[in-house]
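Two complexes are shown next, each including chain A; its partner changes from chain B in the first to chain C in the second.
The block that comes next holds the complex of A and B.
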């Protein structure tokens, strides 16, 4: 297990470093001179003195070799200094942290709702395999999995915010404002989870050890509770962690539509305003978190599955 | 109140729309302390009988008329709660694939805890002590370690012993054993049977032991019940049924177990010939790191043209690695493999050599016929796939060749329209052989090719292989853990033990006088079964066999039966 852990951690570090290097390169490959952008963000007026550009380049160490610059940037980034935003002229870190909190709460709520729906519907479908309930649940989840969020979100806003006026149409204040974004965002993972739970449950129900459990005298419900459901839900843990990582980046559309001040929104603004430090900070944090979660998913799977856990012991 | 298990006139059928009878009027009984063997080919209804006793029939099967009672309790009409108390409480069950019968997520100890709590109300410390005692009774030296182990950490034999501990946890009066040793080798099989017999004597346990292998149970059974096509065909004391079977199906089963009688006539000795496959000092290592044993260690071995070479070894001895090296899907780490496969006689007619495609001269037949076909492809497409790679063949030629190959393995080409799931294991194994033959190989490697088949089917497939060997001058490598198969088929026997070749000898010499310690163990284990020792090549061992066989089962009579010509 320790070896397994060490290997996964090494892979994680490499992935984050690779991502950060790509992000670091953004200013070098985007059109426009970043130095001029920095000066323009700090002084009023259009005229920029060439000597000021030279001086700032030297001061920023832009004449150094690329890798020295990268290491310096990485070092600062690691110590929490993500630079100054061009647009707001405040430290990027001060914007990223609250945004991260908002996005994390949105994603966690989404996953919780999706998993709850999926566990109930997936188990119900599997235990009624082939009957009307199963067919209905399967059909609905198949339909929702293909429903685009940028269409569904305005539709829900139209009905619940504009027609019925029961929920706010945008913003991030109070629990009611979370209902529509979570509902929209949870729909696709819930559909995906439901089919995964259904499949996992059917596999678990068909396993021969279930027959053996009945043969030991366990009642049907006892068998389902102890031998079928825990085994059947195992695939959900990995799937949820993968979706967690995906939703961190995938919530951009929802955050923009519902004007939620989260990471997606921050990234969107940073890119739109060519605010390179802001975009860099947001991307590295999201990517780092996503990689971390994927690794966590593998670990959780390993811990829950003795065949994986003991193989790496 | 009648004691023990009593099944009377039991009818089972597949529910409408298929509405096919599964059992038609089965009657049998197991008295307390009695060991009854329920014998029959696969599909004869043995397992359904056991599941009906447990009340765990698959949903598509329904019970019709008849009755099942255990100590006066009517099992067919018992309520759900009553059945739950009976299962694991008064009736214990052993299954064919013990490792699949444990929840992979739970330790052996937690499996034992369930019946202890449900049927005997034991928890915590008491339950733990009982569990360790049960594991010790099942022949484990270190019960505490086994209780902590997960199913995947146990071997097949250990898993079956652990399952026996679980089955005995509720202190049952009846043990149903559904082919518990069919997937194990003879040494382990013997061990499990002795454990079961031990429990029978200590607890007055009634045992209903289901098997297709008469030789297995002959040493233990008081009575034998022979089933075929959903009916009891013959029933009586073990001595009578095994010694003088009255029905054709009992005779066929008995004959299938005695794999030794026609052997010499069928295979014949290969003439003076050359080596067509030769391994020189081959070593193959999979696991890396210190102390890891190579899968094959410095093995030198050759196959002569027209020879049947038996490769004997227990699981993990490197048999399958050898097969994989020979068909070139793995490369040796050290040593070399020489192939001189172009046929000396240069036949090139229709039934002969000369497909001329390199790399197809050595073909493999696998153990699990159901795994060797794509479940979503019709059988014709599966058989056609290897031919498609040879451009020279037109669609009509391909069809003709496939039909010919299918007839060669004694099947009807009409069945090629089916999917693998619609065929029996025996049919599929014939088709695997047909598929291998399509490429016109010089050598066929059968890696435990008949281990998954019941005795009757196994006998038929082996005879088919012998015929192909003779008609096509096909060289065969028979890889098996089954001494009977090796003896029935081979000219020479090679024994693999922990990756090393420990013995190579002519079949008669080997069985009469094994040299290596491990070979001696294997031959001795095979001798422990009366039919197995009745080989003409091992006649000198008859006295020893008769001596070993327990008095209970008319060993000598059985020996006379299987050794006498044409009985």
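The block that comes next holds the complex of A and C.
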């Protein structure tokens, strides 16, 4: 177990360093002058004075070699300082932490809804394998994946905000404002979770210990509840952790459409405006959390599944 | 479930589209009910402050539109001139000096008196910014100092009649000295306007309450919330649902639905933006005026405005919109004339040796369609064109260095101040810092230089019109369509006046009738 944790800690450090370096390079490998992008994000319009470009470049130390700039950021970060945003000149941490809280709330609600849908549909499909209900659930589940978020979100706004006036069309003002974004974001993981639960359940239903339990005279309902469902839901833990990590930085479209001030939008703005410290801070937090979560999921999976525990040991 | 969920969505969509198509006819916009002083409203703005609340940045626009920030002078579009605001009068006391007399009895929302010292502190903060505002930078303003308690002197490096215009720029909004702490600017409770900001949700919204002691009279709303909604479709939806009372910058795609909604009024005004086909005058074949005129004759601007812009833009008659005080008198939209275009091409000795390239910048989604229309128009006269879609940042170095054929872009002529001098200088003079057309004409430069020192507005505007005529005669670019500022307001909103530049939205007289 200690070896496992040590490996994952090393992976965390490497992943964070790698991600922060890649983000650091983005403004330099994409077309255009990063300093002009920073200025353009602060002052509308295209006609920018060369003197302003040179002054800001010198002020931010952007004339230094790339490796010097990167090491400077790394040194500050190691001491817990994410630096100042190039565009707002306020501490990056002051922007990242509120955005992280918003996104965490959104992701937790999304995964809870997705898991709930998946448990109900996955179990129902598995218990009705090959029948009409199973086929219908599989088809609906596939339809969830096929509907792109940028299409589904406006459609739901049309129906529930404009036509029925039962939900707000955008914002992050309370539980009702979370309903539509969560509904849109939950469909895709719900589909994947449903398939995973269904497969897990079918595997568990065919397991020898289940057959043996039935042979010992346990009722079908009792067998399913005690021996099939707990094992059938195991894949959800790892899958949910992976989706958690993905959604942390991957809900940009939804955050823009629903005006949610989360991490996706922060990251998007950071990259768009060449705000390197902001983008780096956001990425490091997202990647760090992703590695931590997948590690935690593996640990939980190991605790629940003796075979996994044995393999790590 | 598989069929019912998508079906319900489809039914909702079809129902909505049907309503839009049928069109509820009712007259929108006029409420006969009395204003309710307890009402608060919501304004959907298209951008959030990027640079915290730094006055030299775009954040000043948000503070100004929300009725917090006020300037010494103000540009009144209906009168077409600079009018008093925090300053009651101003005069040029020497070639390089202007004195502004402050309005007496004005207090900041924190109780401090508005005096010359406070104004100097605020303006100096903008001058000292690491990225100064173009309207008020050390390049155009040498010094600001207090002459006495009520007089502020602004000194310029060269003679300039435009100082009162510069002090109408939102970037020169005045905050109380208490707003400046270290490197940060805190506008909360430190403005002079009819509304005082009380709370902020970063990237989300700004909440304001009525300023009970406003110098300009009774404020008719209890407060307001400015929401930062970047997605145009969301802004459109919010004014329809009533979640917002005002939605700024409505996309063309949302117009039909709003215009058929009896509870919403759509407001349109000429904006100082003209979608333009920039031609590289420094590179063959565009270095020949006959060729440039041929391109202009080949294009069907009426069809372009009607198709791509769905009627939400007006075919351009030159570099200025017809409603601008410096518009070229009698200017007409060039009509498509294929035969004339072919003759001009022959006269220019043009041979289609290579396809010409149009760059459509991706930041403006409609430019890809505009480029396609132009491609077809030019093909009809024998000019092959290929289209490149690229990010602006990616093409900027080539545009500035003259390594391109044509590019579609649009510029805000009044982005710095309520006068086009900055635009006409930067974009078209021989030494212009943003001369994408790589145009150079001594007569034009002379007109602009003369305008830059002409104090009388009428005379200056006449010079701008003459300079614009030179641009038109030389077919420097093809000015395609004048874009319109489109806002939408709920019909129970009262005394709302549209500002095409979205500088002034919440005003003391803005009101809402009781529900």
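General observations
Keep in mind that, in the parts below, the second predicted complex is superposed on the first by the 256 of 313 C-alpha atoms of A that agree within 3 Å, B and C clash if a C-alpha of one lies under 4 Å from a C-alpha of the other, contacts with A are read in each partner's own complex, and residues count from 1 in each chain.
Basically, a residue touches a chain if its C-beta (ideal position, glycine included) is under 8 Å from a C-beta of that chain, and two chains touch if they have at least 3 such contacts.
Since the structure is predicted, the reported quantities are computational estimates derived from the model, not experimental observations.
Between chain B and chain C, the partner in contact with more residues of chain A is C.
When both complexes are overlaid on chain A, the residue A:36 reaches chain C alone and has no touch with chain B.
When both complexes are overlaid on chain A, the residue A:176 reaches neither chain B nor chain C. Once chain A of one complex is fitted onto chain A of the other, the partner contacts of A:257 are limited to chain C, with no touch recorded for chain B.
Applying the stated contact rule after C-alpha superposition, one finds that A:219 touches chain B and leaves chain C untouched.
After overlaying the two complexes on the shared chain, residue contacts for A:9 are found with neither chain B nor chain C.
Contacts of chain A with chain B, set against its contacts with chain C after fitting on chain A, share not one residue. For chain C in complex with chain A, the residues that touch the partner chain are 1-2, 6, 8-9, 12-13, 15-16, 50-52, 54, 56-58, 61, 130-134, 137, 139, 183-184, 201-205, 227-231, 233-234, 237-238, 240-241, 243, 390-397, 409, 411-412, 415-416, 422, 426-427, 433-434. Contacts from chain A toward chain C in the complex involve residues 30-33, 36-37, 39-47, 49-52, 55-56, 59, 87-90, 95, 98-99, 136, 139-140, 143, 154-159, 161-165, 168-172, 256-259, 261, 265-266, 269, 273. Contact residues of chain B toward chain A in the complex are 54, 56, 80-81, 84-89, 93, 95, 97, 100-105, 111, 114-115, 118-119, 150, 152-153, 163, 166, 169-170. Only residues 207-209, 211-220, 227, 230-231, 234, 304-307, 310 of chain A touch chain B when the two sit together in their complex.
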